[in-house]
Structures are given as structure tokens and as C-alpha cells.
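First the structure, then my questions, so here it is.
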Amino acid sequence: MQWLHAVPWDLLLIQTINGIVTGMILALVASGLTLIFGIMDVVNFAHGEFLMLGAYIAVLTIVATHNFWLALIIASLGTGLIGALVYVTTLRPLLGRDPLTTILATFGVSLVLQNYALWQFGPVARKIPEPFSGSITLFHLDYSLYRLMIAGLSAAIIGGFWLFLKFGTWGIWIRATTQDRIMAQAMGIPVPWVLAGVFAIGSAMAGASGVLFGPLVGVDHAMGFDWILRAFIVVVVGGMGSLGGSVLAAIFISLLEAYSSLWVSPAQAGIISFVVLILTLLFRPTGLFVATPK
Amino acid sequence: MRDRQPLVFWTGFAIIVALLIASPLVLPPFWARFVTEILIWGLLAMSSDILIGYTGMVSFGHSAFFGLGMYGAAFVLLETKPPSLWAALAAGLLAAAAAAAFVAYFSTRLREIYFAITTLIFSQIFYIVIFTWTELTGGENGLTFSRPALAIPGLFSLRFTPMVLHWFVLAIVVLSYLLLRRITQSPFGMVLQSIRENEARTRAIGYPIERYKMVAVMLSGLFAGLAGVLYALQNQFAAPNFVFFVLSGEVVIYNVIGGIGTLVGPILGAAFFLLLREGLSRFFTEYYLIPVGLMFIAMVIFMPQGLLGFARRWLNR
Amino acid sequence: MTPNGGAADPLLQVEEIHTHYGKSHILHGVSLNVGRGEVVGLLGRNGVGKSTTLKAIAGIVHPSAGRVLFEGRSITNLPAHRLARLGIGYVPEDRRIFPLLTVTENLRTGLDRHGVTTARKKELLDKSYGYFPVLAERRNQFGGTLSGGEQQMLAIARAMMLEPKIILLDEPTEGLMPRMVSQIRDIIGVLHRDGVAVLLVEQNVPLTLDAGQRIYIIEKGVVRHHAPAADLRADDAPIHRYMGV
């Protein structure tokens, strides 16, 4: 049992928590993406830009009010509203056309939003201060409470959204629209509004995750790209359009990355997600974690 | 359309090629170089049109094929003495083809709507590898090397002046265009177009869709690699920027602006985009992508045929 | 009687509508009307445009020419969800149950509307479970797990949740067992008794003649014949002529 002593148990525990924390944020980003895909059949290339916009709105709100929580709410509402506007102006006209066109249109949106942010805020990264700074001690190692809180809050947002889908009138409308758009409309469900609403909710989730993650990484115009890439991987690995699959895949990949960074450099650990993706495509192209309530 | 009036088409073709041959003789050096560059980007855009316009798959990974062509040529030019143009060309094409085979294998395993995502992710893998493998690729700084001579051993040897380079690039781009035009009009090209129109039906008729898509991706990647080799020759360096996603995005923009599914359109789109950037960056500096992006969205919605399609309709009126 | 007239106080008037699907021209000027609380049958061979007529009324396809009036106002280009809210219930040929919603959730798609009190919702649900006890038994089952006949009941019950003034029924008895067919006939009777108008598209001629008060016969996208059901019950020559039965 010599090797058991070679395993750094305390670090392993820290990395487990780290993995879950990053995983939950990633899950929040990916849920919005998978929601928009699953319900509207739209691959949203601008999703990362909504995350970035959320973070910037929070930066501005915090400058004005010094209140992180207010910033979180305003940023979510703001990105939701921008999402609805983007949907109505650029995606609704494409309804019924080749899905290829929606990919192109959202790519155009990401181009505009990203460069707009660069123009407005410049290339220097902004900082969102952590709303509180306490830490707890896990085995003689300090762990930031804020990080734990993000994980909890992300889980709460995803869980709340799941309940919303499961029980509310809007949840029934959204699910009916996903299953049969035309019949939903014939039953009096205002499908155009449901679709705009779904896009707004997905965007708001991206915006919220931008705010939550802002204090850990800094806010710049290109922050969306990294996240969208990881979120795409999660969504493909989790089985596209499956909410539960995305959450599991996000945690799974983040845990693997966290553990491997104990032994290899962070840049090399970043390759893990690609490896998982390749293996998934090889052996289970429909996704690793499918079969979840929709 | 263009086949209805072959005479008109070939006359126009001859006039344009003649103008392009003459361009370095009459244009000032800056603009002469600009035209050469447009041809190279046009070739890259045209290669992507095979997928986006003819097969109905948007590739966001063309930077990988372009970059691999570029680095493939760079390695050979650095390692061989004297540097051999043809070996560089072969190495670039080989590297691009290998990358394309890899991407094609994985990205065609999923429904077509995922294709854009998987090509993006896979090109990013190449980017990270090139960016981090400093010993081999020079990392962030890239590789610089000198131009080989345009030579056939025992026959002739020409130094690559900007003018010779322009004609060399022009010859390759024109040949590529004719070849791709031929391919898209061949039975193989027809199958690709039928996949674009109705994948399920094409499968039902009995065509092995995945195999056709893989060949299309590889073909497309090969020509993108060719463009990469030409770019390496022109600029005498290879850098990771050219493997990054932004370039793939620009290629998509060229296609949409120029008109997908036309081969010529994407070249036109590249020319339009580069001229626009040249003009707009004087007013908007680096933020020219805001108006370009807005125009791009408007074209996707209102003018899906692109500039070329618009011009055609306008001429036929 | 005017060629396509009939009802003194028309609830629904379809005037000379044309529809195109891609390049094919499907309806070539269909006109008909349905009075308040009236059951009207629409007969014809397969592929003559009966279903398309219903879809055009329900707002699922939009006519390229002509107009549709509901309670005297034009609804020709309104989106389908507005029509549902105005009181047009649609039961499509393939039923189109939401397969991953439970029976209750399927019903709630029509029930959760603005201005319906909780008490009224409960009343409507109870009423429909009273009519269709089999649905009550299966209320927590996914729609996709029901049998064909049960799905048909659910499709009709779902349309009734809209408290419609008219229900468009597209071949409700297609592929059903005789016992189910007579149940459908009973439901049409119930709707009629409740004052709900019905526009019934059917292949089943005896059922249509029995349930309907007036009948339109459609052929190649136009109405060829129009008569009270009683007349056709007495003399079915026109039916033979246009339907070849």
C-alpha cells in the first residue's frame, strides 16, 4: 500500500472542490446554450458574448452602486433583454430557413458584440471585486468562500430553471413548443414569444455566469470565446439539447481537468477536454450523458 | 445561368485573367501586393465554399488547414538546403490533408448542425498544439524563412520577385478555380449539392453520405492548405495567428458577402472585405468589424445570395 | 339556397381561398360557411384539399388569395395562436399529441390562458375527464404512450379546453375500431348540444351524414356540391358522382 501514501489526499480534495466549482459555472454557461439548441434548433455562436456582456454590465453597475448582488440581477436582466432583441431582429426573420443561416447570423452577432465591447471598454481587462472575502479551512488549506458560493448559486439557478420547465405554465409552453411547434401554436400558445423568451432566458443564464465568474478571471472583450469553446465541448459530450447531460458533462470534464492539473501544467490539463470530446465522438457520438427530463 | 451562356462566361473569364496578369505591371507596389494577397485569400475562401456553398456545412475550422499548409511549407523551407519550392508545396499539402482527414473523420460523425462546432473545436486543438510546441513551431513568434527559387532542376530557375510571385499565385489560383469548377459540376459535385438540398433523401437513394462529406472536407482542406503554402511563400513566415479561429471566421464572412455556392463569389467577397477593411480602418481603426458584422448579419437575412447573386439579378433585370 | 351559402347567422365564412404549397396549387377558391352551433361535414376523396381547408382556417397555412371571416371579422392572416384564442379549436388528422407531456399537461396547453380562473380550469378539466374517463385514468401518463383511439380522445379534449366556438375535426375516425368510432360520434353530439359548431372532414360517409346538418363535397380544390345532410341521406347520387363510392 505504498502508493496510497504517494497520493496527496488533501490536494485531491481541494481539486475535487475546484473541479465542481468550475464545473457548475461551466454547466450554467452550457445549459443556456443547450436550452437554445434543444428548443429552437439554433447553435448560438454569440452565447459567449452574452457572458461577456453580463460581466461588463456588472462592472458598470458595481462602479455606480458598489453592490455585487444588484449587479448580478441587473446584468442577468440586461443580457436577457439584449438576447430577446437579438432574437427578434436577427433570428426570427430566419425561422423556417436552413439552420445554417442561424449559425451564420449568430456568428455575425458575436462579431458585432465583441468588437463593440472592445470599442467601448478598450483592451484592458476590468475587475469585478468579490462580494465577500472569507475563506474556510479544509485540511490546513484555505478555501475561498466565494468560490463555494458560485457553485451553489449556479446549481440553484440551474435547478430553479429545471423546476420552472417542469411545473410552470411557461414550462409546459416551452416543452410543447419543443415537441411540436405548429400544434403548440394551434393550441393558442404564443410560439413567437415563447421562442424569444427562451432565447432571453438562455442569454440571461450566460450573463449571470459572466458576473459570477468575473471576480475569478477578470473581464475583457474576448472572455466569451474561451467559454463558448468549452461550453460547446460540454454540450456535445453531454448530448446536445439535454440539460442534465450538459450539467454532468461539465462537472465530469472540470473534475478531470482539476485532477490532471495536479500532475501536469494547466495548459496541458486544458487538453483533457479535447481528449474527452474525441473519445466521445469515437465511441458515443450521441453524447455520454443522455436520457434526462426535457 | 453561367452554363447557358458559355461564350459570355469564358470571355469574362479571359478578360479578368488578363487584367490580373497585367495588374502588377500597372499598379503601384502596395496595390500590386494587395491583389496577390486577395488571390490567396480568395483561394482559401473558395476552398471553404466547397463545404458551405456546395455541401451545406459551415466550417469554422479552415484556419487549421490553412495554417497546417503554412507550417508544412515552413518546415521544409527551413530544413532543406537549398530550399525547394516543390518539396515545400508537397509538405504543405500533405500536412493540410492530414489535418483535414483528422477533422473530417470526427466532424462528420454528428448531425450537420454540429459540424460548425466540431470544426471550430478541432481547429482550436491545432492552434493550441502549434502555440505551445515551441521547439518545433517557434510558439508565439512563429517561424521565418527565406523564399525558394521558382525552379525546375535542370530546366530553369527564377528568383521570386513580387511580380513572378504574383503570376505564380495567379496561375495556381486559376488552375484551382478551373479544377474546383470541374469538380463541382461532376457527378461527385452533384451528390454534394443533393446532400445540401436534402440529406435524408440523398441517403435514401443509397449514397454513403458520411464518405462523401469526408471527401468534401478533405478536398476543401487540401485547397485551404494550398492557400497556406502560397501565403507562406509571399510573407516568408508562419505564425500561430493564422491558425486561430478569427481567420476561419473571416473566411466565412468572405463566403457570405461574396455569395456562397459560386466559387467566384467568395473570391469577390475576399476582395470586397479586404478593400472595406482598408477603407474602413481609416475611420474606425480596429473597430471596422462592427460595421462589417452588421452588414454580414443584414446579408444573411436579406441577401443570402451575396454580392454576386445580387449583381447577377441586377444584371438580368 | 346560394351555391355555398346556408347558415343564416354564419360563425365562419370561407371566401374563395387559394393555397399554394411550394409550386403546387392546392385550393382553387374554396368557399363555405358554418353557422353558430352547426355541424357541417366536408366530404371528398383523398388529396382534394379537405385537410388544407382546415389548416387554412386554423391559420397553419395562409391562403394566397381569398379570405376567412370569423364572427364577421377577417382572420385571414392572423397567426394560429391568435385564432385559437378567438375560439377556433383544431384537431389535426395525425392528432399531434405532445408525446412527452402528460395527459394533464397536454390539456393544460389549451387551458392556461389569460382570464381563466382556477375554478373554471378545474371545472373544464373535470368535465373533460367526465366525458373521457379513459383519459382520467391515464392523466399522468405521457401522451406518446396512449393508444391511437386514446390519442384521438385527447386531441379532441385538448381542443375543447380552449372553450372554442368551433372545432375543426380532421378525419377523427381514421384507423379507429368501430367502438371508438361510435364514441367519436357521441362526442360530436355532445359538442352540438353544447352549442359548439363543428367542421368535420371525413371519409366515413354514413357518420358524416348522420352527424352533420349540411354537407359540402370538395373535388380538386373546389366545392362541387352543397346540400343539407337530409337531402343526401335521401339521395346519395352526388356522393357517388364526386367520391366514387
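Some notes on this structure:
Labels A, B and C are assigned to the chains in the order they are written; within every chain, residues are numbered from 1.
Heads up, the rule we're going with is that contacts are C-beta pairs under 8 Å (C-beta built on N, C-alpha and C of every residue); 3 or more make two chains touch, one makes a residue touch a chain.
Predicted, not measured: the structure shown is a model, and the values here were computed from it.
As a matter of contact connectivity, taking subunit A out of the picture divides the rest into B | C. When every chain is reduced to the mean of its CA atoms, the largest separation from subunit C belongs to B. The interface carrying the most C-beta pairs in contact is the one between chains A-B. Averaged Cα coordinates give subunit A a centre that lies 33 Å from the centre of subunit B. If you average the CA atoms of subunit B and of subunit C, the two centres end up 56 Å from each other. Averaging C-alpha coordinates per chain places the centre of subunit A 44 Å away from that of subunit C.
Multi-chain contact residues of subunit C, defined as those touching 2 or more other chains: none present. For subunit C in complex with subunit A, the residues that touch the partner chain are 58-60, 79-81, 83-85, 90, 92, 96, 98-101, 105, 108-110, 112-113, 158-159, 162. On subunit B, the positions that touch subunit A within their shared complex are 52, 56-58, 60, 106, 109-110, 112-114, 116-118, 120-121, 124-125, 128, 132, 245, 249, 252, 256, 286-287, 289-290, 292-294, 296-297, 300-301, 304. Every residue of subunit A that touches subunit C in the complex is listed here, in rising order: 169, 172-173, 175-176, 179-180, 182-192, 294. Taken in their complex, subunit A has these residues touching subunit B: 41, 43, 45, 90, 93-94, 97-101, 103-105, 107-109, 111-112, 114-116, 118-119, 225, 229, 232-233, 235-236, 240, 267, 270-271, 274, 277-278, 281-282, 285.
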